[in-house]
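One chain, chain A, links the two complexes that follow: it is found with chain B in the first and with chain C in the second.
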Partner chain A sequence: MSKRNGESGLNRRHFLATAAAATTAVSALSAPAVLAQGRPRVVVVGGGAGGATAARYIAKDSKGAVDVTLVEPSRAYYTCFFSNLYIGGFREFASIGHSYGALAANHGINVVHDWAVSIDRDARSVGLAGGGSLAYDRLVLSPGIDFREGSVPGWDLSQQNRMPHAYKAGSQTQLLKAQIEAMPQGGVYCMVAPPNPFRCPPGPYERISMVAHVLKQANPTAKILIVDPKEKFSKQGLFEDGWQRHYPGMIERVGPDFGGDKVEVRPDSLEVVVDGEATKVDVCNVIPAQQAGRVAALAGVTDESGWAPVVPHTMESRADANIHVLGDAALQGDMPKSGFSANSQAKVCAMAVRGALIGSSVFPPRFSNTCWSLIGTDDGVKVGASYEATDEKIAKTDGFISKTGESAELRKATYEESLGWYAAITGDMFS
Partner chain B sequence: MTAPCTASANGLRSTKASGRHRPRPAGLAACLASGLLSVALLMVLSAAAWSADAGRGKALFDQCKRCHQVGDGAEHRIGPQLNDVFGRAAGSLADYRYSQAMKAAGAGGLVWTEATLDAFLSDPVALVPHSRMSFAGMAEADDRAALLAWLGGFSGPRSDLPPAEPTATPEEFGLDPRILAIEGDPEYGAYLAGECITCHRMDGTVKGIPSITGWPLDDFVIALHAYKGGKRVHPVMQMVAGRLSDEEIAALAAHFHRAEDSP
Partner chain C sequence: MAEPRPRVKLPKSVAAGIPFTVKTRITHPMHTGQRHDSEGALVPRQIINRFVVSFNGEVVVSVDLEPAVSADPYIQFQMAVPESGHLDFQWIDDDGSVYSLSKRIEVD
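After this line comes the complex of A and B, so read on.
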């Protein structure tokens, strides 16, 4: 232990030496391999929770020593986080939209609004839909999710207006909200919930809470039906307790024991067929099974699971050390697919990329996540955990979850924390 | 007497403390207009209030004293010292590092008077958005009046101020004082801070999450050890602090101590 006025301060070099000895597997700790000629180039594909954070941290902390290009088709990013609160009437739509201007202005990031459509790993270049290509020394992929074709028989992307998923935020979210508001009195909203693993484990159930909140006021005799292929779901005890208290008798969930895993939909007639039995509904929110955003498969970094395996210490792809995969698309171990997780992984990745390209300091990685959910007005709950990198995976070390029976003050404080978090994380991505 | 400014949502409100039930528009402009008058009045009033309500006001200051000192020898801690706060412009002490927001409010004409302080204490970030003062607000007008009456006793010419009480002390939390002596590495702190700023913004307090920039090293170290040791209960912060070593806590303290306001 060193003293503030003592002679031998514990300095960073000393710290690094011990850290390196303890974790020899940290590849970025070894001397930077071949440094590119001139300014090293990083291309980040996907400007969401993982990609925007990674681009911002690489650019900000390298102070111009690394050339950073962010490829993202949308000019406005609508966060999936808090999109359920918009559906519930707790947020304005505009308040969940963010633009990329500050990333260019404040950090010199070259923001290219286009789709990445091909990756040439040998030439280290990314092909763009609009023509042209971008060369990279390191590529960061954070493309989020895509849906698995055929996972809900009867549904495909061409039906997303009849039966919205609203699992990528934006016009889909607005459409779903409009459909809920247009339901006839006493009508039925049905959600076809996804199988594991999927983005934001509590997301579908927070959405149910918000839909119930809207219906309770505008359409109190309406019913909510959840068709769920899973035995259990995230924060189940907390949600079910909240639904009992706020929306008694409104919500019914059909799990796998009653055919929740044998579902088919008929978009033309708005019917849901569970275990052979058809039910007519008024809104059908289909959240299909998921996999890594398509560009990860195009890059050849996904495995048979559909996700991209990564080295926990650096978020490098196990298939290609010049590519890092972040967020929902990564197969990393214990972290849930959340915006918080993607942001946390992005900072570890940014540090590893800077270490590899310009030899800046690399510290032992650490990860964390907290997911808040709103069940009713001022009734917030949370679940969170911290994680460390092992050779095999990102492994959970500690965690907590809200409890049933907490006081109204605590639930309100928990909700208010989520407001503070939203302001902070979106600033951490886009400012 | 002037009506206290309030920061209530509807912008109109009357309070008992005003002595009159006349609604007044809230907000900075109204506070500025009424503020100047009440400085002089307060000097007169406070002497009486000082004794009458002193016990209650002093007890209410318990809510402030982990951040502020007042009295003989008061120093800046997490917040600025509060001697002679009545009549001074907001954010005007040269040797305390205020938020940009507080400095701007002072430069824009905000002066601390009974009325403006009443508004500030009822909802700090409503009066000064992005202030670094993380205090949820004191809901009861009577409490605010009692506290301000007591606090008023520390403004103006007085020679017999009671000694200032300390903010957090290591003893309170059973913390080995040697831990406070560890020198933190701010560069390592900057990396570790990546985890924190997913929740704590650098540009002041937002609803629900306190500001943690610009703190004295000791207060910061004590707060994190209080969570780590379970002396302060909060599931997120207990988990966050639980895996930080003594050196890491010192590094974070050093980083956030120096950190500038930025979004």
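After this line comes the complex of A and C, so read on.
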């Protein structure tokens, strides 16, 4: 098991690199190459459902033959999935928080809490905000999402406390919940929903359900306004049926038919302007348009879409075969941007990386995804599919979705299935 | 019941005599009078029963709605106008309430 920090042993693999690349890598380094010479080095950037799973599977299944470093700025990771359930009062905040201790202790993963701020693809090294750098033979990028500047006029990151996004879980999620609980009786919660593609397609609408659940108990005359640039959304029939049953008259969605695609916000006055008409609200949850997490663009592996195209069989970047991109940041085809998808892609990637670096067996990839959503107490629904790798993309093979009119027992069972999944995936990421 | 919220979408400007599309919607539960609440009691009928549009004071669209119309009734139609003016929209509730909205339409 390796016990190094991120700054030591940086050039231990430089003899494997090309002469030109090695020169670049060595020039910035002074640490001696002493430990475990010859072990291939993998650096994983991003410790979420993609990155933590990939790091864990590469380290665990190579039984020490691959040197794995995980770069993640947060010491405590709060899952975006199930963060809506915290807003709805169905989970304690601590229950969606996880630490990286077990990855280091159980699998020898070198966990570096820092930001990756540069990628030198020729030298194969990752620069850290703290000043060090990490050399790699294979780099796995799983940076999640960042927001597109200017996508909602009037909003930028400096306004995220006035108008929280709560779309990266953590303090933002707590802030949004506190704002909802502080709403005046009869007040208005407004969500500015994102355009496609974005993280967790049913996520905004599960959040609406959870906000409605809270307001129905504490503030039953409050209203919910969704300003949405999209014609349609994930599980729309299921959500609208559930909203009608649980929260009649509370929720209004303004789609592009009525100007939902022409929105701006005024954080100072807490106003939302839809197609030129201003409305005063009490909480404004702005979920902006999204793109791959910034480090993917810094690595030069994103295209004009803002996402990183990948080879479906291995999750290798189409721009650089030494870099793999997982999860929300990847432009891969039919899979939704979900924690389940990222976890599924990470296992395919881990197998491909081990095959390339230490010659272990590689099997045809299989991918799967399920997105559960909670609409009200014990009223769970799901949508999911299986996928295969084609030359062009990750392609959907078959799928399933909950139906309206299902029995209360089935909906409860679906919700309980999601609890089991949460325990399983977080174990798969962090244990 | 939350206060119904009417919305109308129409072009900011139009050409005289050329048809354009008007979209309208009001949030309303449209209780049919045949449904039961969670305690088993009948929910009394309460619907938007009439929708009227006037252009410069003259009725141009009038619609009777029945209980089969689903919640948040959405009504879309086409019209043409000879000149600039005001479009007045009214939704009439079973309880006697009238929800209204007025929009200016400009002919280029």
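Rule of thumb we're sticking to: the second predicted complex is superposed on the first by the 394 of 431 C-alpha atoms of A that agree within 3 Å, B and C clash if a C-alpha of one lies under 4 Å from a C-alpha of the other, contacts with A are read in each partner's own complex, and residues count from 1 in each chain.
As a convention for this text, a residue touches a chain if its C-beta (ideal position, glycine included) is under 8 Å from a C-beta of that chain, and two chains touch if they have at least 3 such contacts.
Since the structure is predicted, the reported quantities are computational estimates derived from the model, not experimental observations.
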{"item": "Touched partner set for A:196, first chain B, second chain C, both or neither", "value": "neither"}
{"item": "Touching partner for A:404 - first (chain B), second (chain C), both, neither", "value": "neither"}
{"item": "Chain B versus chain C as contact partner of A:427, first or second or both or neither", "value": "first"}
{"item": "Contacts of A:223 with chain B and chain C, given as first, second, both or neither", "value": "second"}
{"item": "Partner chain(s) touched by A:305 [first = chain B, second = chain C, both, neither]", "value": "neither"}
{"item": "When both partners are placed on the shared chain, which of chain B and chain C touches more of chain A", "value": "B"}
{"item": "Partner chain in contact with A:269 - chain B first, chain C second, else both or neither", "value": "neither"}
{"item": "Contacts of A:248 with chain B and chain C, given as first, second, both or neither", "value": "second"}
{"item": "Partner chain B, residues of chain A touching it in the complex", "value": "1-6, 9-12, 15, 57, 340, 343-344, 347, 351, 361, 363, 366, 368, 370, 382, 384-386, 397-400, 402, 413, 415-421, 423-425, 427-428, 431"}
{"item": "Complex contacts: residues of chain B adjacent to chain A", "value": "178, 181-183, 185, 187-188, 191-192, 194-195, 197-201, 203, 206-209, 235-236, 238-240, 242-243, 246-247, 262-263"}
{"item": "Chain A residues touching chain C - in the complex, by the definition given at the top", "value": "221, 223, 244, 248-250, 252, 254, 257-259, 275"}
{"item": "Complex contact set, residues of chain C against chain A", "value": "1-2, 5, 7, 9, 23, 25, 27, 29, 71-72"}
